[in-house]
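Shared between the two complexes below is chain A, which pairs with chain B and chain C, respectively.
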Partner chain A sequence: MSHPRLTNAYLEPLDGVLMSDEIKPGLKSPFRRKLLQGMVALPAISLLPRGAFADVPATSAVNTTGLAVTDTEVTVGILHSVTGTMAISETGSVEAEKLAIEQINAEGGVLGRKIKFVQEDGASDWPTFAEKAKKLLVNDKCAAVMGCWTSASRKAVLPVFEQYNGMLYYPTFYEGLEQSKNVIYTGQEATQQIIAGLDWVNKTKGAKTFYLLGSDYIWPRTSNKIARKHIENHLQGCKVAGEEYFPLGSTQFNSVINKIKLTKPDVIYAIIVGGSNVAFYKQLKAAGIDLSKQTLLTISVTEDEIDGIGGENIAGAYACMKYFQSLDNPNNKTFVPAFKKMWGEKTVIGDVTQAAYLGPWLWKLTAEKAQSFDIDKIAAASPGVEFKGAPEGYVRIHENHHLWSKTRVGRAKADGQYELIYETADLVEPDPFPKGYQ
Partner chain B sequence: MITNSRFFNRSELVGLISLVLLLVVILPLTLDIFRLNLVAKYLTYAFVAIGLVLCWGYGGILSLGQGVFFGLGGYAMAMFLKLEASSAANTKIQSTPGIPDFMDWNQLTQLPFFWKPFHSLPFTFLAIVLAPAFFSFIIGAAMFKRRVGGVYFAIITQAIAAILTILIVGQQGYTGGINGITDLRTLLDWDIRTDHAKYVLYFVEVAFLFGAVVVAQFIRLTKLGRILVAMREQEDRVRFSGYSVANFKIFAFCAAAVFAAIGGAMFTLNVGFMSPSFVGIVPSIEMVIYTAVGGRLSIFGAVYGTLLVNFAKTSLSETFPQLWLFGLGALFIAVVLAFPSGLAGIWADNIQPRIDRLFASRGEKSGNGLIADGAPAE
Partner chain C sequence: MFGDYSLGDLGAIFAMQGFAGLILFSVYLLMALGLAIIFGQMGVINMAHGEFMILGAYVTWMTSNAFQHFVPPLFPGYFFVAMTLAFIASGSLGMLVEWALIRHLYRRPLDTLLATWGLSLILQQAYRSVFGAREVGVELPDWMMGSWQATDAIQIPINGMFVMGLTILITIAVFYILFLSRWGKQVRAVVQNRVMAGAVGINTEKIDRYTFGLGCGIAGIAGSAFTMIGSTGPTAGQLYIVDTFLVVVFGGAASLFGTIASAFTISQTQSTLEFFLSGSMAKVITLLAIVVILMMRPQGLFALKVRK
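Let's turn to the complex of A and B:
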């Protein structure tokens, strides 16, 4: 947490708003420390609106657009699939969001109001997502919605959020090529997940040839497109040995495994999703490809997926994420036990689950910075909001509504956890429309 | 043979008038626009259900692939709307402006040839009706001419639904893949996302729905409808009487397909996108369930059944996000066990006789209303 806080506070009066607003009982010590640092920013306080000093600002002041905000409560929505094929992936996100909401309420809520949530089931069905999103915005008048997982569900709800002016906190790493006033993307967009990982494998493993694999839909295709451009244009003397796609749910990988054995690429770059992973890694192992010798880099297997694949089948593979459950930092050391206490010892926490946990917190911090729940003000205040309590470390919202965050490489162990091997020194800038990678 | 001289007899007239009252007066007055738009979405499935009444209830042809035709109609409409939304000005951020966004993401640099005619609205309307008619004709001809029927036909339609889904998902550069075609905005520069547009679209849809009801009723009452029923009960006897059974079956199947496609097109307009999740096996079977719940011999029952199941789906899932599928399953089991002929059966057994007695006690004796009509072989 050695962010150059002091200089920032002088340069940006808005940051002062964020800090002074944290002068409240019941805040945890990191905030107090920050507060002391923030005292240097006292000159900025003269710029504050008066309401910022009141303990509980009036409802009429913080809610001018008819959202579900009372003097004591504010309603948010949770919109994930808890039934259907995606339930297994999205359950972690729901759990993380509920944990964050509970913790925020224990600290006194947002702008003096407890968070109440309305949960809806997207049922792994994109039109249902759109219907429920509309219900959350139009009927329940949610001040924010934490939700969606697949790109398809986000694409289905995006027009709804833009039309009815809602605020969506979307947790999944995704393909980029999107930016909306009405969405905060708390996961990585493609370049944040891909480029640093390829650089790392090129530098430390001397990798020159890459075999790209993916499930056949927009995210793996776009990601591999970015990977290919980076390999061919930015890495010296590197080339793509092959690129193949498999239908969602496919379980037959023997022919491509044979091709991999023939071409002997330095790196297998795998973006296979969901249940297909189980078949893929088991067949790799059965074909005698030893992941302790053959480098495999994936961006689609989190601790959640390893649960299904089995640690012994994937041990030795590298994954490029921004969060691993095993991260060794003070935030994560309080987050993991809190999560397990609420949802059981056996639960594992993957990258997306952590990103989902950020949603309610970022929204709270933004609302307190904006001193309002109004969607337009939240959208405008979001850039620059920073969350120092993130389990992944420090994150900040970029002008393009994505997060600045670090890229990390972990190595899978037989017990189903990742061991951190490498992390970027600085936060990586989100770039949803990367030039030269289109 | 048929004593029914009127197009709708008295009990059907009661049914028609109450449906008109419900859809045109009661629902628009009592529901807010969000719920009314949901009703509009439900009613798009009612088109499919009416088609299934003809094809399955009367013709005895169980199709588990109606999603295919729903999808064809929906995609045709979506292609037109997507092209309109993808004007060069709206898509200038792309590497190739002027083509739909998902094509750009998939490195397509020009519009595929089969998309080009969808710049024209009249062509789109024609395609909504003719494409499914043509496609169902081919399937029907291939199956029924070879006397494939019953459960084999059901399985084949199901396979076709699966194939089409895989095709759409796999060819994402041309179809939008699993995301479908999203972010549709205007129809001939008229914004279809506003509340006002939702009202207009709702009433347009209801008008089309009554059109479909009338056409279905017409088919049912002609000699053609009688032959369908005869075929369902004793196919060989009809064949021996000199009728070409296959042609009648093809007709019923095509009619159901066209109804489904119109429903699909209305779906795209009302909901604002189309995706392969309406084409596959699961939605196709759901559509059969709507018909079964409503009563597969009743055109009005199909509409009520669709509304009931979808209302249940929405309200159960809103109230019990984790458990609603069980509730819905229980509802289906209850309906099938307790009321095998669906809502229409409940009406005919319990409510209709009372109404008839009421009319009879008033001394109004019109012989033909009391005679069971529709399908003599029931």
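Let's turn to the complex of A and C:
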């Protein structure tokens, strides 16, 4: 910070004033002390904005709507579940966002202001998310909020962000069918994640029959719907051999595994989440389905989930998403060690964690482009903002507030990491309302 | 759906499906045995049952790490040590909880529901603080992985058979303890008439404590065994609690035979329906059937005849 240094600089002439004061003993009154204080303060105040923050725009210029922005600080919110069921998944996002904020501050902050964060716990409960979102926007006046993980929590806070005009950076890959001025979606929407992966498995593995599995809620169901449309309408001679859903938290998969054995699909397409994942892959392995021979493609298992499943249980499966910890590019090579340095050698970084890391950076870049923290200006300036330092490579914000990003296929190894098998040549355009897929 | 398959294929699938049902049966029974003792015999609605199971799972995870770290050659056999430790850990915690919490609430069954639900939240957060919010992966020795190739087409999961064997052993042990040992006789006496049991010289407090501990200990073993098939995380216990209560209530609260019969009925219905319908629909239909049966027979499948 340059503020204290500046004050010291103006103390030196002040010493001179005091010394000369000793020579004139006549002025020993309270009034004189006040006068002196005033003299100290005067030059400092008048010179502050010009001298110290020559490249820093005035607060009145960057914040016209009463957000929590001072001359030196800007407040953002972090809103994730750190207690309850979802803490398993959201912990990584919180860690990534804090790392990004720390790095941005080390570089000098946003528009000359350090980022200060207020963290709230959504406690895996959707009404709590809405309540905390309101608190972050109304009481804390956060300039941006990094948060939410499940679609349910996002749907719960969306009206709050629209009503109080906040800015949410949402990290999870999700089902699409949504677009808001007040949200930037840093994860992939369903078509980005699904179509490239299906094309790849069809082309390289010659896959013709697909067995679709999922946990029973909106994301797997919408995703499988898109997958089914693509398989039936766009892939030559391909068909869906079966489609099944299991209640969230289901731990018994032996019956469906038998059905899979009976139908012998070329590809098992699995969108199972949470604790069910662990049960599914353990039972798949126990039932003698060898993933080095049976192709399994998932869009729901990141490195984070493999930690719980056990690498040896899922080795050989393919995952289709935009980021793997093992990606070999210069950005990722600095990101991974920095993350591990901050959060421990053993932590793993999954797709969503990386997407969460993008949030604060994209917001910083947008604010600098807009030269303002005002929500409307941020929303308007977002399309076209590009982040060249993204661990996944290069990303750019689309007019629809989603990201252009590459889609990648990785193969799980026994050590819990993915090995990159395929990536799209170009960035894939986000299409949250895909025509012909609904 | 079977038109395209040969008879051999179908035979193999039905054999494997039969085993899937039996494995589910063992899982349900193992989950429910501990609760059948606590809820069935003592009348305590223990909502923290799942958390006692997860304690067993975490103990297994720690044991596995310890063996890998200190005595790698003995790793293949660690699971037996882990199950013993899980029993001791969950059992001791159970006795502690009985002493600190449950014994003050014996005459207020609905309050035990609230108190143990609170306890379950406390335990979940404790696991989260101690072991982290993320799930942990329990590594299994090689011999417990994979499947046994019965014929060319029939594969039976080894861990499923392990759970089955374990369930049989524990069921036999529970029956021996409750129905053949002197201690079991005292337990049943206390259940039937606490005052009279006290009057003839049975230390009812001690009996209560050990019974509760035994139930929790069995939950710990179940949790340990389920690391083979399910996940181990702070809230994983919640995945089991509904099914567990379902089995015990459906079977008739005070009857161990009822628990077995109900575990068998529910698991067979569920696994057969799952095969012909989808997972979610199977669950819906199973639950509906249970609701209807309980409406007609509120006391469950089997009920002890007691003079009211």
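Methods note: the second predicted complex is superposed on the first by the 384 of 438 C-alpha atoms of A that agree within 3 Å, B and C clash if a C-alpha of one lies under 4 Å from a C-alpha of the other, contacts with A are read in each partner's own complex, and residues count from 1 in each chain.
Criterion: a residue touches a chain if its C-beta (ideal position, glycine included) is under 8 Å from a C-beta of that chain, and two chains touch if they have at least 3 such contacts.
Source: prediction; values computed, not measured.
In the superposed model, A:Asn139 makes contact with chain B only, not with chain C.
In the superposed pair of complexes, A:Lys388 makes contact with neither chain B nor chain C.
Legend: residue contacts after superposition of the two complexes on their common chain; A:Val82 is shown touching both chain B and chain C. By the touch criterion defined above, A:Ala130 lies against chain B but remains apart from chain C after alignment on the C-alpha atoms of chain A.
After superposition on the shared chain, chain A has more residues touched by C, the comparison being chain B against chain C. By the touch criterion stated above, A:Phe433 is placed in contact with chain B alone, chain C being left untouched. Once the two complexes are laid over each other on the shared chain, residue contacts for A:Pro247 go to chain B and to chain C alike.
Look at A:Ile218: by the touch rule set out above, it reaches chain B but stays clear of chain C.
Contacts of A:Pro159 after superposition on the shared chain: chain B is touched, whereas chain C is not.
In the superposition on chain A, no contact is made by A:His234 with either chain B or chain C.
Chain A residues in contact with chain B (one complex) as well as with chain C (other complex) are 82-83, 216, 247. Residue ranges on chain A touching chain B, taken from their complex, read 82-83, 119-121, 123, 125-128, 130-132, 134-135, 138-139, 151-152, 155-156, 158-159, 163, 175, 177, 216-218, 221-222, 225, 247-248, 433, 438. Of all the residues in chain B, the ones that touch chain A in their complex are 32, 34, 37-38, 41, 93, 95, 102, 105-107, 166, 169-170, 172, 177-180, 182-185, 193, 271-273, 275, 277-278, 314, 317-318, 321-322, 324-325. Across the interface of their complex, chain A is touched by residues 5, 9, 13, 16-17, 19-20, 23-24, 27, 125, 128, 132-140, 145-147, 149, 155, 157-160, 226, 228-236, 238-240, 270-272, 274-275, 278-280, 282-283 of chain C.
Residues 82-85, 87-88, 91, 216, 243-247, 249-252, 254-259, 261-262, 274-279, 282-283, 285-288, 304-312 of chain A are the ones that touch chain C when the two sit in their complex.
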